[in-house]
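Look at the two complexes coming up: chain A is in both, with chain B in one and chain C in the other.
On to the complex of A and B.
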């Protein structure tokens, strides 16, 4: 499990890895400002599945306002960091 | 192999989730796989919210049941739910098989944390739960 001592870069790397796995795209194809819902094959269910994986990985409970308000890896990483 | 719950022989065992002799209950049975306890369900229209969709409260109940029974089997004593949080992801369909698998996530002298994942027949995650349980004295 990822911990609160992770650096922002480590958090971002972990988020990027989960996003890549759930959306079935190479991690290096995802930039920090990629619109996650705009990735080919992405849909609202996959985004929620990704959020569930991230919550479990970091042992956090993200607010729905954040879940539905974020659209990039940078934004997801930011709400995770604040939740830790 | 189906796990035998400690109270299976009690005459007053009427748990809505797992009692085999409660005609109104779900009659869930459980199996172990590694550190996890899992159950499968395939519910009819009596348990739906929107047409064809299993009610989210029923899904939460099955998660709670699976996590709670895992704790009982690990510790040998009951534990009561103190809080539970659901993340609903996709649709749990009436008339289709689903699986709930629970694992323990933390333990202190008084509290136990657990998590459960609900997956469909393809193995896709459709809901997940986290919960905290208080150890019961008996």
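On to the complex of A and C.
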């Protein structure tokens, strides 16, 4: 499991890896400000699944506003970092 | 009045029975299991769940029970066969009645099992002074919840028990946010037919207003997640057989089950309530 000692860059890498896996796209095709809901093949269900994986990975429970409000890898990484 | 053939839930529940046989467990129970250990199979979890429900409504030999939304008869046959109850099941899907009656005959339970084909809201001539009523994931299909609880309470004897379990929006705020999104619509309209997800608070309010006392609540969400994971595994394992029965059905089922499972805890919860017909 990923831990609270992770650096912001490590958190971002882990988040990017999970996003890439759930959306089935190469990780290097995702920039930090890519709109996750705008990626081809993404839908609200996949975004939710992504969040679930991220919460499990970091052992955190994000606030609803973040779960349903975040739209980029940078934003997800930021709320994860704050929740750790 | 809605006729049986037109009833919106029938689009899903009156599919070829073989379809359900290929992703549900042998009992064809189409609702959450109850898992006691990490290695529990789907079959075991469903047996454990039916025993839990039976215990919660004090189902003993000779007790008279109505199962609303009896489906493929798993709970009806369990209550009659394992607990010795006298059970009436009600469901709007005609193929389900034939299936359950056949199983009841095969198991020597025909004198203790009766199936009524009708929407519950319209049904007349149902047994009264019942000891218990069960409704597992069926009131989601009934738009007028106060009327359903009022009718159910009228069929129970004083102190009779009702077990009702339902998928719920996690809160009023989540409902307001998600009632109209694409995934919810797909589940509600394309497959479930007339599904009305409500927050638990609305179920509790309707039960209170109908005059019930609320005895117990159970959070089944994690159990349902695991149940659906096991159904998805079965759909994948039996994809070829499913496609032979109805081309496209495997993908449709997997999509539907996938959407349901993604939402647990975020948008949806699955709760059970035990209600008592008493002050």
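Quick notes on this structure:
Throughout what follows, the second predicted complex is superposed on the first by the 84 of 84 C-alpha atoms of A that agree within 3 Å, B and C clash if a C-alpha of one lies under 4 Å from a C-alpha of the other, contacts with A are read in each partner's own complex, and residues count from 1 in each chain.
Just so it is clear, a residue touches a chain if its C-beta (ideal position, glycine included) is under 8 Å from a C-beta of that chain, and two chains touch if they have at least 3 such contacts.
Please read all numbers here as calculations on a predicted model, not as lab measurements.
In this superposed model built on chain A, chain B and chain C take up the same space, so to speak, and clash. Legend: residue contacts after superposition of the two complexes on their common chain; A:9 is shown touching neither chain B nor chain C.
Using the contact criterion defined above for the overlaid structures, shared-chain residue A:68 touches chain C, although it does not reach chain B.
Once the two complexes are laid over each other on the shared chain, residue contacts for A:59 go to chain B alone; chain C is not touched. In the superposition on chain A, A:49 makes contact with both chain B and chain C.
Only one segment of chain C in 9-17, 171-179, 207-215 or 225-233 runs into chain B in the superposed model, and that segment is 225-233. When the two complexes are superposed on chain A, the residues of chain A that touch both chain B and chain C are 45, 48-49, 51-52. The part of chain A that touches chain B in the complex is made up of residues 45, 48-49, 51-53, 55-56, 59, 61. The part of chain C that touches chain A in the complex is made up of residues 173-174, 177, 181-183, 258-259, 262-263, 265-267. Within the complex formed with chain C, the residues of chain A that make contact are 43-46, 48-49, 51-52, 64, 67-68. The residues of chain B lying in touch with chain A in their complex are 85, 87-90, 105, 115, 124-125, 128, 130.
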